[in-house]
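Look at the two complexes coming up: chain A is in both, with chain B in one and chain C in the other.
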Partner chain A sequence: MAADASAQRVAALAAGLLIVFLALALLSGWFSDYALELGGRVLLLMTLAEAWNLLAGYGGLVSLGTASFVGVGAYVLVGVMNRGAGLPLACLAAGLAAAALALLVSRAVFRLRGLYFTVGTLALSEALRLFMINFQPLGGATGLFLSPDVPGLRGLFLLALGLFAAATILMELATRSRFSILLRAVRDDEDAAAQIGVRPFRIKLLAFVFASVLMGLGGALQGLKLGAVEPYGMFGLQWTVNVLAIVIIGGQGLRLAALLGSVFVVTLGELLASYPALHLAITGLILIIVIRFAPQGLAGLTIRLARRLRRSTRA
Partner chain B sequence: MNGAPQDAAVPLLVASGLSKHYGGVRAIDEVSLTLPRGTVLGVIGPNGAGKSTLIGLLGGALRPTAGRIQFDGVDVTGEPAAERARRGIGRTYQIPRPFLDMTVRENLLAAQYSLEPFIGRQRALDACDGILERTGLADAANLAARALPLLRRKRLEVARALALKPRLLLLDEVGAGLVDSEVGDLIALIRALAREVQGLIIIEHVLRIVRECCGELLVVNFGRKLAEGHTAAVLASEQVAAVYLGTAHAGAIPSPQAAAATGLAGLVQANAPQAEPAGVPLLELRDLHAGYGLARVLTGIDLVVRTGQAVAILGTNGAGKTTLASVISGLIRPSAGELRIDGVNRVGAGPHQIARLGISQCMEGRRIFAPLSVAENLLLAAGRASKAERSRRLDLVYGVFPVLRERRAQGGTSMSGGQQQMLAIGRALMSRPRLIIFDEISLGLAPVVMDQLYAALAALRAAGLTMLIVEQDVQRALDLADEVHVMEHGRIALSGTATQIRDNPVLRHLYIGTAD
Partner chain C sequence: MDLQTVTDSLVSGVLLGGILALTALGLSIALGVMRLVNLAHGEILVGGAYLGLYLLRWTGLDPVLGLLLIGVLMAVLVYPLHGLLLAPLSGQGLEAPMMTMFGVSIILQNAFLLFFSADTRSIDRPYAATPVHIGSITVPQIYLIGFVISVIVIVLVHLLIARTRFGRELRASAADPGAAAANGVDVRRVHALTFALGAACAAMGGTLIGIAFSFSPTSGASYLLTGFAIVVLGGLGNIFATLVAGVALGLLQSLGGVVFGDGYRELAGLVLFLVVLAIRPQGLLSGRGS
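After this line comes the complex of A and B, so read on.
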């Protein structure tokens, strides 16, 4: 009976999400350019945040390598499209390339645990950035330009919406399924998990590949939007830091984190757009405040407030 | 998983020449053992003898330095833990390692799903709930494992290993901290399990379990095999009595701490009369209530501890003993009642404030700071004492427990269980307290180590230390205490002097579990 109830809830949630996505897609024709641009940015960051949350929140794999996968996705999309391939094929290639990179480095980074894993992924992304700056066949420091025409703002918005929808479905599967039980077991105690037959390497690898594909696709979208890719931007640390800030402010390990965190971070960015220095300082300050007073972030606060409200109305 | 071809003639497990060296330390040195099908093998030995290392080697958590392990005729020496688990080797950890942020049921489901990823959901849930029922955890299925107290976490260790449907089960001290009636339940469970699995290896200090469950016994000392054979014969051997069983079985009472007792007064805060107005007890609880959320654990406790007294709190698990200790040390805030120290009500004071009033706790589960060395663990507790004073106290603690001096530069948690417990007591002494609460200090210790600890406690008591002892081991507590309180269902059911209580039939009644 409990299973039925939860199945019903999942179905209701899926239907609700579907309606929201369709409504957004239909209504986007009336959105202003500013709204489309902003909406697209929020959706892209949400996708990346979901991916990072899967790794860090559910898998305990605090990665500082987001930029590597975003960058690889962007470069592969531009490269493939410049050779005459269509957008779907280019996106597929971008996702696969990110997955391939994840597979390639997994042996090395999973040997490291905890903080060492974090530092290892950071080293990976910095090394990749330096390599891309100096590797002339891929444009070196100037990067590559996208020759074919890019879709307009609405097209980009719809792509971002589609990507986020895919990410949501993937995350629903990964966080509600039996896979999530195995992933959380590995997060809580890798050795104890192995002792009951869980193969930690495979479980971590699966999560890492899932997340990397999403990050690669996010990068592809960003490359498409900019029409050009260069190593400082696409492999830059700001991707890593932004996504991390979003999840921490939103609430690590909670599903609402991506939405609340992205909206918050993008809104803050818009409000302080004219004061870039102040923007950084304020983001830092907010991070400190959140970590100190609301370790479960905005999502945690929301849940707590909702509970208190419900209790007080019941009383 | 049990479908592999089984040749009854092939022993379930064969370990030959197994060694594990850490640098120069030989945790396990050339140990061989053979486990025929259907055997329950007990492994005993002093704390630090290498028993848990042996389990780690068999389970695959540790790589042997030398030697081979064959499971069911297959060489599994090079296989990691996960692969051995999938072959059917299940183990528990001595210090439980549940998945803390998952529910109890999810802890078991992890084993189910890793083994059979495509098993029907309902079947998996039924299997898990069946195991939880057997291990007495059914009521906790939806709780986060973090919410379980130590002993229930130990149950969860067993339950989780069972979810693996193991053919060989390795149990690492699952009986520690249980009272007689609970040990009886555990023995029944182990016997039932022995019929289901093909082999069992049990590390245990609770001799009743060893006697009643294990057909064969292996004694390990300093990483080497000391004796091996039928349980009764091994337990009867003098050699085993000397290194492991200690006084309770051998008769003689060695007291290595007696000599140190003279200097101990320096560790015990002088019972200055001005701090002790006549008639005002050091610690007094009046109608104290406490609990966790909705669960009311303590329901009206009245208790008095006077300076120089040794007061023991006895009772079954779940009676509220550890909660009581936590309330006194300020870790849990009581919901009603008074906690008076020197006659002043201190309800609401934090643990650091209580500690500053001279009340120190030696906690269940030891809680040694792992990254710190033995000496650092001790010095940390000395607080703001002057440098000379700190080194003086350090010397006195080393006098009580000489082994701590030998190990002073070593990491706090790298020592054996008994040595860690000595460190925990030493740490409590370093603050030069007026009252120490000893919370289940004998948990999981070899009989011979318990003797040493209680000899040290007796010496401290003789030096005038006031102590509150929360204990499972009735006999030892009665030997030490002046006054005894027996707790049941969150209240004190019986109080009196040690002699009165010893002869009281109600104590036996409460403890054996027929009181309900």
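After this line comes the complex of A and C, so read on.
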């Protein structure tokens, strides 16, 4: 009985999400350019935040290397499209490239536990950035330009929506499956999990590759939107910082936390668009305040508020 | 590329490594005693450079002569941050303090940008560029001066930790905070002082780097990673291992620059870092196994 009820719930949730996505897609024809641009940005960041949360929240792998995969995805997309391939193939290539990078470094980074893993991923993303700045065949500091035409704002919005929709649905499946239980077991006590038959490396690798592919696709979209890629923008720390800000401010969790965090970060960015240094400084300040006073983030606050309201209406 | 230039380069790397070791010492102490991954380390280092710059500009005091003062200044500036930001997080695991310091690093970077502009600066001193000749080897004077000073400070810190009461409390807090507290050690105060000491080391190293090279609001990030590379190479808990690791990294950076070109210097260091992390995360020189 319980299995039926939960299967029903999943189906209802899936249907609900699909309806929301289709509605957004249809309505986007009437959105202003500004709304499309902002919406696209929020959706892209939400995708990255969900991917990061899968790694950190469910997997206990706090990564400061988001920029590595975003950058790889972007560069591969531009490179592949410049050789004449269409968008779908380019996206596939970008995703595969990100997965390949994840596989390549997995053996090294998974030997590291906790803090060492975090610092290791930071080193990886910095190393890639430095490498790309100096490596002339891939454009060096100037980067690469996209030869084919870039789709319009609505097209980009729909792509971002599609990516987010796919990510959300896959996340839903993942978090309701046995995989998520295994992942959390590894997070909570890797050695104990190994002793009861879980294979930590494989589980971590799956989560890592999954998250990396999403980040790579996000980067590919960004590269497509900008029509050009260069190391400071695509491998720069701002990707890591923004995702971190979203997750800390939004709270750890999927969807609601990612949504609140992304909307907050994008809004703050827009409000302080003319003062980039001030914007970042305030982001840092908010990070510190949230960690100190609201560790569950905006999502946590919202849930607490909702509970309090429910209790007061019941009483 | 003749042998002379290569040798000069490698020796410069060794000397520079000593300065880097001083900055890494700050990181190592914080990590070892407080389990704090101080992601604002690079910005504290750059802050030290700015302190040296403005000390020179406003008082005419040579930053090398005033190095201890700069260290103390930074320690004083940083000490209240521990009580304000880090102490309240003490029960919450390792990520919260790390992310808090990440926030601090972002704030500092942009504060530097706002107050000092994005211009690349350098502390202009006559001994920064003038060469000194040791036998047939030629290096800028500041490298040699910086190396000597760094080693002296490192030895002083070692003596502080090994011979004084504060040092005993520090070691006790690092080994077992609960037992230390039970024995009357004010662990929270020790942590705050450790944090300040770490910042002082970073700032002093930063001033030396500011004389030897240039710096800007965003140069901190690469020194953060170099610092971590040295900490991982040398392992935690052994101050002289940190010095050796610093020298090794400096040497490797120079090697990378000589073989691949100047832009690849830091990359060489980072790649080595990743390799060591992969093979032996507890450090090449530490005695403990994983």
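Going forward, the second predicted complex is superposed on the first by the 312 of 315 C-alpha atoms of A that agree within 3 Å, B and C clash if a C-alpha of one lies under 4 Å from a C-alpha of the other, contacts with A are read in each partner's own complex, and residues count from 1 in each chain.
Note that contacts are C-beta pairs under 8 Å (C-beta built on N, C-alpha and C of every residue); 3 or more make two chains touch, one makes a residue touch a chain.
Just so you know, these numbers come straight off a predicted model, no measurement behind them.
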Chain A as common anchor, with chain B and chain C clashing or fitting: clash
First (chain B), second (chain C), both or neither touched by A:A281: second
Touching partner for A:A185 - first (chain B), second (chain C), both, neither: first
First (chain B), second (chain C), both or neither touched by A:L22: neither
Which of chain B and chain C A:A127 touches, first, second, both or neither: second
Contacts of A:A14 with chain B and chain C, given as first, second, both or neither: neither
Comparison of chain B and chain C by chain A residues contacted: C
First (chain B), second (chain C), both or neither touched by A:I169: neither
When the two complexes are fitted on chain A, the stretch of chain B hitting chain C, from 128-136, 200-208, 308-316 or 380-388: 380-388
Chain B and chain C contact sites that coincide on chain A, given as residue numbers: none
Complex contacts: residues of chain A adjacent to chain C: 62, 107-109, 111-116, 118-120, 122-124, 126-127, 130-131, 133-134, 237, 241, 244, 248, 277-278, 280-281, 283-288, 291-292, 295
List of chain B residues in touch with chain A within their complex: 59-61, 80-83, 85-86, 90-91, 93, 97-102, 106-107, 109-111, 113-115, 117, 121-122, 160-161, 163-164
Sites on chain A touched by chain B in the complex: 3, 178, 181-182, 184-185, 187-189, 191-200
Residues of chain C that touch chain A when the two form their complex: 35, 37, 85, 88-89, 92, 94-96, 98-100, 102-107, 109-111, 113-114, 221-222, 225, 228-229, 232, 261, 263-264, 266-267, 270-271, 273-274, 277-278, 281
